[in-house]
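Shared between the two complexes below is chain A, which pairs with chain B and chain C, respectively.
Here is the complex of A and B:
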């Protein structure tokens, strides 16, 4: 199994945006790995799915809107972005995201994708 | 000290290890991290570096004082650094956000190397395994 793993990083986002810096801290890691041409995937689970919801505006509550930077992922070759279907359903959220290329996966497929990455960092 | 299962270290599944610390010195998760690192070092694993990010940067603040009857994470880092020349990398952006600076406040413990997220990329590239605490 270990031989089949490509050197890749999974960033597992589990926190909602704005109340703490977890999402921004994960984003900074994603962009730096991207700029060093390292393979990085983003996973959104639990309250982390809120980071993908369209129509949010952090500036209303005086928080820097780091979610806008998600639009730059394609320039960093970050194109594997997964969201957990169960987490969306539990929060009654539609699959209406502010970036494209988001893949909605059921729990099993989500976990399966995670295991394909050599390193998982959780925020 | 918690007795970690050393199987992965003994079997040399992991030759080069890197660790990322995101928890503060007053968190019990730091104890787990230090036990894990010490076990790895004692089993001859090459620990290429520890990267301090988020609230983990508080380990580098020379002004932090933990009550003497509580776990002294910071003095443990010093011991490991001295005994094994363990490289300790500090994310300076995360540190400065928390009042830890080599310029303004000059409160960075000298055992830490000032660095940035680029160092994390380097560690991740070099290591067989990167573990977060």
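Here is the complex of A and C:
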């Protein structure tokens, strides 16, 4: 009997942080699922990798800095966070993130990891 | 007879910046603001011919908010006020967004 997939949600972030609410929306859903103790994983690809870069400060451009809320992930047991190595290389960004437990996966492993989730929401 | 190009999108996400480069003329000015700051290390920059004498400028606050480092050798750091005066100093303005 194929091992039934435990119900799990993947949030695929592909947009940069400040110019639209995509990142904030994804964060809200992650925390809601976390508060109901549902299994949720976060994936960062394309311009979404910029949401993880350390040293950002939204208040400089008077934007509410939702990135700081990423620190709450451990309280919600969100510890499966993946980022696409190809996207980092394209933007020549170092793996210097403002949260821990981020796993950098190559493109193939990243895609493979995504398929382990039943529901995938892309932002 | 120079044009001011205001680039507001990341070239990893849209081809706005690539289109901007296609219509670039001698002595034009490019200002990176908002998500345009993500282009400061994009390979498209290498396609700009130095003979065209293009000025590259960036709004300092928008880049530092995004933890994007600015290479002083290539980019001039400006503020929003400077951007306003730039719109007067140039003959026309195109916003790439």
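Following the convention adopted for this analysis, the second predicted complex is superposed on the first by the 119 of 123 C-alpha atoms of A that agree within 3 Å, B and C clash if a C-alpha of one lies under 4 Å from a C-alpha of the other, contacts with A are read in each partner's own complex, and residues count from 1 in each chain.
In the analysis below, contacts are C-beta pairs under 8 Å (C-beta built on N, C-alpha and C of every residue); 3 or more make two chains touch, one makes a residue touch a chain.
Small disclaimer: the values here were computed from a predicted structure and weren't measured.
Colleague: In the superposed arrangement, which partner chain does A:92 touch: chain B (first), chain C (second), both, or neither?
Modeller: Touch partner of A:92: chain C, not chain B.
Colleague: Is A:32 in contact with chain B, with chain C, with both, or with neither (first, second, both, neither)?
Modeller: First partner only, chain B.
Colleague: In the overlaid three-chain picture, which partner chain does A:16 touch, first (chain B) or second (chain C), both, or neither?
Modeller: second
Colleague: Between chain B (first) and chain C (second), which, if any, makes contact with A:54: first, second, both or neither?
Modeller: Only chain C; A:54 stays clear of chain B.
Colleague: What residues of chain A sit close enough to touch chain B in their complex?
Modeller: Chain A residues touching chain B: 2, 7, 9, 21-22, 25, 28-29, 32-33, 36, 38, 118-122.
Colleague: Under the touch definition given earlier, write down the residues of chain C that touch chain A in their complex.
Modeller: On the chain C side, the touching residues are 8, 10, 12-13, 34-35, 38, 41, 61-62, 64-67.
Colleague: Spell out the part of chain A that touches chain C in their complex, as residue ranges.
Modeller: 15-19, 46-47, 50, 53-61, 63, 90-92
Colleague: Within their complex, state which residues of chain B touch chain A.
Modeller: Residue list for chain B touching chain A: 13, 20, 53-54, 93-94, 117-118, 120-121, 124-125, 129-130, 132.
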